[in-house]
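Read from first to last, the chains carry the letters A, B, C, D, E and F; within each, the first residue is number 1.
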Amino acid sequence: MRPSQRRPDELRQVRITRNFTCHAEGSVLVEFGATRVLCTASIEDSVPPFLRGKGQGWLTAEYGMLPRSTHTRSAREAAKGKQSGRTQEIQRLIGRSLRAVVDLSALGERQIIIDCDVLQADGGTRTAAITGACVAVHDAIATLVAKGKLAASPLRDFVAAVSVGMYQGKPVLDLDYAEDSDCDTDMNVVMTGAGGFVEVQGTAEGTPFSRDELNALLALAEAGIRQLIDAQKAAIAEQ
Amino acid sequence: MRPSQRRPDELRQVRITRNFTCHAEGSVLVEFGATRVLCTASIEDSVPPFLRGKGQGWLTAEYGMLPRSTHTRSAREAAKGKQSGRTQEIQRLIGRSLRAVVDLSALGERQIIIDCDVLQADGGTRTAAITGACVAVHDAIATLVAKGKLAASPLRDFVAAVSVGMYQGKPVLDLDYAEDSDCDTDMNVVMTGAGGFVEVQGTAEGTPFSRDELNALLALAEAGIRQLIDAQKAAIAEQ
Amino acid sequence: MRPSQRRPDELRQVRITRNFTCHAEGSVLVEFGATRVLCTASIEDSVPPFLRGKGQGWLTAEYGMLPRSTHTRSAREAAKGKQSGRTQEIQRLIGRSLRAVVDLSALGERQIIIDCDVLQADGGTRTAAITGACVAVHDAIATLVAKGKLAASPLRDFVAAVSVGMYQGKPVLDLDYAEDSDCDTDMNVVMTGAGGFVEVQGTAEGTPFSRDELNALLALAEAGIRQLIDAQKAAIAEQ
Amino acid sequence: MRPSQRRPDELRQVRITRNFTCHAEGSVLVEFGATRVLCTASIEDSVPPFLRGKGQGWLTAEYGMLPRSTHTRSAREAAKGKQSGRTQEIQRLIGRSLRAVVDLSALGERQIIIDCDVLQADGGTRTAAITGACVAVHDAIATLVAKGKLAASPLRDFVAAVSVGMYQGKPVLDLDYAEDSDCDTDMNVVMTGAGGFVEVQGTAEGTPFSRDELNALLALAEAGIRQLIDAQKAAIAEQ
Amino acid sequence: MRPSQRRPDELRQVRITRNFTCHAEGSVLVEFGATRVLCTASIEDSVPPFLRGKGQGWLTAEYGMLPRSTHTRSAREAAKGKQSGRTQEIQRLIGRSLRAVVDLSALGERQIIIDCDVLQADGGTRTAAITGACVAVHDAIATLVAKGKLAASPLRDFVAAVSVGMYQGKPVLDLDYAEDSDCDTDMNVVMTGAGGFVEVQGTAEGTPFSRDELNALLALAEAGIRQLIDAQKAAIAEQ
Amino acid sequence: MRPSQRRPDELRQVRITRNFTCHAEGSVLVEFGATRVLCTASIEDSVPPFLRGKGQGWLTAEYGMLPRSTHTRSAREAAKGKQSGRTQEIQRLIGRSLRAVVDLSALGERQIIIDCDVLQADGGTRTAAITGACVAVHDAIATLVAKGKLAASPLRDFVAAVSVGMYQGKPVLDLDYAEDSDCDTDMNVVMTGAGGFVEVQGTAEGTPFSRDELNALLALAEAGIRQLIDAQKAAIAEQ
């Protein structure tokens, strides 16, 4: 029934490759099936002007798609001279999601900058980005602890994200591009390892959705995110 | 307990003034307490390039805050030369919300452009904007029907929006600025007159929220939106 | 003879509503007939870099039209990413006009920022803006005096503005849109309460104008501005 | 009394050099004393979109200052990515002034683009630009007549401009930089050969000006512009 | 002597991975040691406006660095709103280099757009980009031939590039970052498989270089490019 | 054989006019035949942020073409809001070329800003700009020495540039527009008075060039630059 033959509650294959590039303090290639996003976390020893001298840190995120990560080529935002509204929405979401699990006071006057760049897109790039960024932030913070700059990690919990949606009248987990471009309701859910919601963003593209449908989608998302957090833990344990 | 002395499930006073300005096909001043947003709906006899020749219409929205609609002056976006990520997020949300209740095929090759400009801000500007824009779109479409350009209105239902949030550990309806800047979870809900959800956007600013809290917030929002749609109906009936 | 049936030397009905919005130190809705402009004056406790440490203040102005303040919708300048030449000309004119009556040395190292936003346009938006802004600046400065931050008001005089023009061969006062779009010569005049000229900007749209016509127009403007300054005084006296 | 030792009613030395560069249809270097502006007029065989198919022509102008045309270097507008409000004001003024003497209907569907670039600035660049541009437009139109594309010249009259101002309490003609930066009132006047006013733009930088002062300034300007138009005629006669 | 222990005439290890991503018609990851660039070639069925209707094709290139491809994070050009001069220089160079080996007349009215995005930078990103882009263009054109849209490939020859430079007084081949940031002369050379020069760009960062040094550098580059073209041929043969 | 009847190794007539404008510390009009470029050198008593407090100076360059310096009018970059890739390439080249002969440590914490503005273009504007800028920098530095701000000039050598190219199969020196737009290979060469190469930039527009052709072009350039440096010396000696 699903174009990919997956069960309604089945995630795509998830792969988390750490140290994908060599310069960033944290560098993770995350794959949700054919969706591939390079997530780096960079540590800078300064904070934005509005936080200077307040003794706390900051975390922010930027997002981009390589022009030919998509089925047909998209214009390069650097060449157009501006980031689209969609790009800005996504990078704000990634930043909020990660800030929810980092104790910024404990970070000191430092900034973590996350860059999520989509190498190949097949739906769910923002949820893959959040899921991968969490591991990149973990690794970047670990370098601070290893160098003795921080006594303990300010990362309080895991955070991961998945999309769910009503596809051909049924709730399904982790939409790929074929499903995403043909579904009625699309919802992105961000949760912590402890099971709290950080973001719930549901949009009816066609028919409005009912309370029952919302409940079914949330249940799918909760189960999916538990698996994603297991994958994050496994990736971190590997080293 | 609430700074405004309202009960947890109490909306601010809602006022909807039609024909607030004279040039737009639809022009509504919507007030949610001290929040005041001017919503105009303009009809243009052409559609964006991606829809030309397809025989269907389009609806889009733009949003702005007057520089001194806020407690302290905000920089004018026209002078800065770009719209903020927040502005873009909000205007995309307004556009999606209204498209959910307009039959674009029945509109013909025309475009409705909604402009929501905040004259005075006290929290909830985006939900007030959606609620007011619905009435402005109704009035703009009515001019097309009155002139015989459309046989029937393509407006299929009402749509309205409200914010809810966890304030000092309790779910409350229709947050004002004092609550909004001090709450843990903030959720914007957009629903139709038929009771379907168009958008649910919940964000944990501090502590993540639980499934029970989400349910309580949605119940508050549903009841609030029913009252807002009653106010829309009363405003339209008046003339 | 005039589309509005006014006599050649007759102003449109002038209304000045103070405290139109609640956050700005000065907030005035000024109406010249159907032209409605919201003028706010904001006090900031800093000055632009070129004045820092010089012990004097500054006053500047910004101007904008809501997209549907006009007969047909104009593109939003924030969305286009730049202010038009016309907008910049007008906001520079408003700033110069108000600086002519404020003793910047006596203001201290503070900045007054005027925002003039056109809610509804029917000709003469820049002259209405100057006239309304003067009252808004008065009110903003009054808050400084009331709080004891200034011993006396640095506002030295009133300032108001009106347009005059050659319409169908006759000099007329306070052009509305119908006249403005069909006149040969358009002149904007800014004067103080003491009767001095601050700005005279006359433009021949069609036939050049003679010295006699210029004299007739200036006489009309002087009489009109006296009435506008009376209206400013009455508005201030009301409170 | 004047820094340059000129009499109050004395112009600086005016030089008009035609064919200063070789590619433009009209190319004039105009000098008002040490102020030097290169004015070119280019003919294009198309009109802006808003005039297409209407059978009439258009004339527009652009203005710029070379970065080191001024006493201290000014930032290059192309590098800053935007033209200042002052630049836009001036180029709009030049365009309006020249359109006042060109019969656009008789021009056919062609556009004349004037470029005024300041090589060396010593006050009065906009008035020099208008004065030089008139000759450049004359020469550009002459190429159309010479090629038989137009039967007669659509240039109906000469147009020239000069500044006047109150300097140390006295009205003076053609302000140079030393006077301009230290005067109370500055007025730019644009007139035709027939003696009609095209633009009068007077600004009180300090003390407002009286009606008598305005009259004295206009008289100076009228006499100055008559001499400038004589200089234009002499330059054209020379070839 | 070289930080990498390489001989003066030794290239870094070159790896060319085809089909690195799935959507582009040609997609190549090229590695020169630790420098990794993703090169995609996209086919579009239209040409830029200046070529429409002329029956020939076009090829253009864009270049970007991921923000954390570098030792310390570089600002994202899409967020800054403009591409740097360096970026523009490089993408113009890549475009010219590839156009030198594609018969644009034989391509038909199609455009090939090359995107070179640096995943990891260690010197020589532009030369790696040209070398990888050639293989990506080969693969993209092969899809046109395979689909019968072109009878024969318009790719006339191979093209590859390498940097050479004077490092500590000695000519060396294929500079890495450590050498590049500390060399006197840096030259980028682009050559075809037939041994013709397409570009020679030599710059003295410190001491000017002599004719003899230039000759030595060109000899190194010629030998290096022969090896790179062998690597291109081997990669293409593999499939 | 050459459109200008010049011998293959013949420069166009070179004219170097010092003190062309009066405000800049160095101001030179350089002419290579019909190509005319105004080069100014401005001294500023501060350095860019990345050099503050390091006790050394900086030199940078900007380049522009007046809109009608070209055969048909080019759009004004200030109006378009961005500098083209070509402009950026050229101004970076001019800056690098001049930095090669200025001892920045000996300059002190000062900046020299070169502005090269093309008044009339006929090919070779960048090489004329470098050649003229060298004299402007000489003159600007001389003002520092004359005022006693520097004990000795930090200008270590002369620098000049010329273009060479393969035109109709033959190597020729100093291409004009007619040759430049119709040649196979175009090379710009920058050399010092001591005969060292600062930049060599050769590009095959059509057929790639051979090593022999490269050698022939370099020989022509060397001889041409010797003559240009003689012209620089003669110009400086004149005053």
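We adopt the following convention: a residue touches a chain if its C-beta (ideal position, glycine included) is under 8 Å from a C-beta of that chain, and two chains touch if they have at least 3 such contacts.
None of these values were measured; they are calculated from a predicted model.
On residue numbers, the C-D interface is repeated by E-F, which shares over half of its contact pairs, out of the options A-E, E-F or D-F. Centroid to centroid, with C-alpha atoms defining each point, subunit B and subunit C lie 33 Å apart. Averaged C-alpha coordinates put the centre of subunit A at 28 Å from the centre of subunit B.
Residue positions of subunit B touching 2 or more other chains: 81-82.
With the ring opened at subunit B and read toward subunit C, the chains come in the order B, C, D, F, E, A.
Per the touch definition, subunit D reaches subunit C in the complex via residues 82, 85, 88-89, 91-92, 96, 100, 187, 191-192, 194-204, 207-211, 214, 218, 222. Listed in rising order, the residues of subunit A touching subunit E in the complex are 21-24, 27, 34, 36, 38, 40, 42, 44, 62, 64, 66-73, 76-79, 81-83, 87, 113, 115, 117, 119-121.
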